[in-house]
């Protein structure tokens, strides 16, 4: 499971909907990648030096293929969106803990528990898989990885959805849209309520307000929620302390209630973080 | 061919070091690059008690570099001695611990704790632009710097490197002050003070408003300051600021640096340091340079 | 939509100016970009007598920018008045003449000659890192700066802009000194001091050893200093340092600049200024901003 | 004859000999370009912002084609050498005076003489066209432009020549090489002496020691020599005063015996410059 920087090869790139791209790359990292982990993608431009953290959306381990789905939101992702089949792209990874480690409380450095395989720890449970906006992509691999019962709730801005077909194949999908043009008008929580969705555990990724809502919802319903956070990153490997999030208790690294999203996260037990 | 350099009696197998705060305690990068190829690892700044650092966002990317406003988050000297120093013992690189504090007393407390630790040198950060008290203030006034250096030297049992701020009118004066205070070496540059504004949100990108500017973009400023200080003081100078390649490292050494540190570029390529070590050897081979010490300060 | 800004009673049609020394007297670029689209042209520094400048090489390229050590080569005020000022009369942009000197007397001599010329303002360069005497020394000591400013104001019959050096410990102090001396505005930043070494020849790339560092790479330092000064003094601030795009220009204005200057990027794209003028208008349209003055200093 | 920045299209690129490339671009500047003038070529890389001054080696005006032959000597020319047919490349030009203006003493700003067409002013004369090293390329267009009698002397490092065939088509060519592997061993001056080359006027481009030698040779033989100089440039259009060379008399721009190579040059009467 060692991290490394590697030159990957672009396998394919396509635009899914306006400004949202799907990029498959060939990399030896594919076989290690787990749902909820991410990689750092370099732009190759000397004026934009830092890696762009992008979640792993899907993998085909046997073909060494790894997929990212991302939104062009600035100069770096714009450059990445110009990559074509056969182009080289430098990536660093695999980064972060992923849902599996988060869900069993495993922590790479403190190692205060053993890593329990995700599907073992979730046996007999039902997971609500929630994605909002550009937080939807990592939930695809999460949903695919789950062998237990699951239901998916996806929140889009409007009816220009992406990846929806692929989620549909995995089970029941409920949709919310900000403008009501598809599914429930409102948030993913609104969709959960409207459709009477229930479950034992939540896996989620999305914008901060959504995650706050999920944290509150999980608490109210006595559920566990594992949520994936974002922060600006420099190193991606825990060295720069750029990417911290506040924690309820002392973090094990610095003991100051500030834990690193790139190493101890990005997926956290919602009760652990103070968001 | 000799690639060894000596700073305050400490012999480094090569002049390549990591810059404080960009390489954690060494551990974080240890699976990505070979610490045994390094002259020295310089650790993240450590204070007498744990510091939480600044609010996020702490990182902003800028043209050819980055801004950081970490604010010296660190677990404090206790955890550091218990966890981080032991980790480094397995490696043959020299160990340099970077020390920060808000008052002179805090610096002294850390220095005293480190005195009997298995480390080689201490680097005193009096130049961090991201904490309100202490730190930078000590590094922007020559008299204060000399005084702090003296007080630290009075208790330190390891060689002391004073890390200088580039945010000053006269860097020579600062080098001389550190030397007068008894520093065994100086290192520079720490980060330049910078700012970035998100024009769409009319907000500072960093929660701290300003941040320390580092990366390839700052190199010309750093080379100039290293040259100025190296040609003013007699103690060794450790150069840094934007080093990305062996050519950059050699440029700093020609300007007068005895050793060099790589900071921001570790984030861009974790193997930067080891590539630089190899690249310096290659340069020496190509040019028929037998002793790396012949490069130091050789610019005319 | 209003894009006009006012500095010391002089109304600019938009806040986009050229940076001194990068645009000649306006003539050199006049066939490549429309001077009438500019808020103001700031000319190359002019002294009381012709100056030959420094030996070559005077130019070095660095990561994301350049170093220059022109050393203020200029034909002196006589030729300037005879040849360069008349040329600019055909254009509707405001005319700002940059003044340099080695002694206070030399500055005063130029200012007096310019007093009755058809120009709008004078910018006083007390911050050029490339000449040994005068210039930079005046700009690195707050008391000296205040004194020079006072003496210049005593004879000047046009608004005076003092151009500040970024090579100082405390830029706020320098802004306050210029204001206390009676300056009508300040402009910043001039170039950072930098150095580049050719490692294959073991030589400085610039004959002058050091040079002034400018271009996109310096922007974070410039934005920080413009913010600091603009939030300290009451006179208008003209911001520059690495501006390449309308977004950059808006960033400086949000930091507190009333107008902005483009330097190095004129060399990379002669139409940078006119693209910036258009880009600012587009930004205002997109965001529904009616008056450009609402942008100035609006960062929170 | 206005200068401008333009996006040109790469028409072809080939390596002539180790590290020396020939690049044809499609640009409207081609029809204005004169021998001895140059253009600024941008790298397209934000870390290498300044234009690389490259002489015009040849033109096909009717096809809007302009040719440069250059040596990869650093990061910028290395990037330029990677350009492929169809790629875009930004250029600024046409820059400099060229041999024609230099040879008639014409000066754009002072305009103290009228521009006499090159071949009119050289009627009945014989020109020695001299190129040394990477100073050879501009001499191709110079030689092609000359309708009068001419002889060419080219100095290479060794027998790995470039452009020699093309010069051969234009008349008598003498070669010198540093290592003696072809032609006269030594400098172009050695080749001139060895072959008893004579003429009325010299047109030359090459390294500074060669140009100094030519200046001395011309003086000694009472000949006019027009030599092309190099200096680091920022603007290329006379605004930055970066690229000056010392002059014997006061220059017309600054009146300080320092004239701009990018505007008043790069071609100078060897008696005018103090090299």
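Just so it is clear, A, B, C and D label the chains in written order, and each chain counts residues from 1 on its own.
To be clear about the criterion, contacts are C-beta pairs under 8 Å (C-beta built on N, C-alpha and C of every residue); 3 or more make two chains touch, one makes a residue touch a chain.
Nothing here was measured: the structure is a model prediction, and the numbers come from that model.
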item	value
Shared chain contacts [chain B and chain D, defined touch]	A, C
From chain C, the most remote chain by mean C-alpha position	A
Interchain centroid distance [CA atoms averaged], chain C/chain D, Å	35
Centroid spacing, where centroids are CA-atom means, of chain A and chain D in whole angstrom	58
Where chain A and chain C are represented by their mean Cα positions, the distance between them in whole Å	47
Chain A: positions in contact with at least two other chains	46-47
Interface hub residues of chain B, defined as touching at least two other chains	63-65, 216
Chain contact graph, described as a line, ring, star, complete graph or other shape	complete
List of chain C residues in touch with chain B within their complex	62-65, 67, 140, 167-170, 192-197, 199, 202-204, 209-210, 213, 216-221, 223-224, 227, 242, 247, 250-251, 254-255, 283, 298-300
Complex contact set, residues of chain C against chain D	21-24, 28-29, 31-32, 44, 50-53, 56-61, 63-66, 68, 70, 73-76, 79, 215-216, 264-271
Chain C residues touching chain A - in the complex, by the definition given at the top	63-64, 216
Chain A residues touching chain B - in the complex, by the definition given at the top	2-5, 42, 46-51, 76, 92, 231-245, 253-258, 263
Chain C-facing residues of chain A, complex	46-47
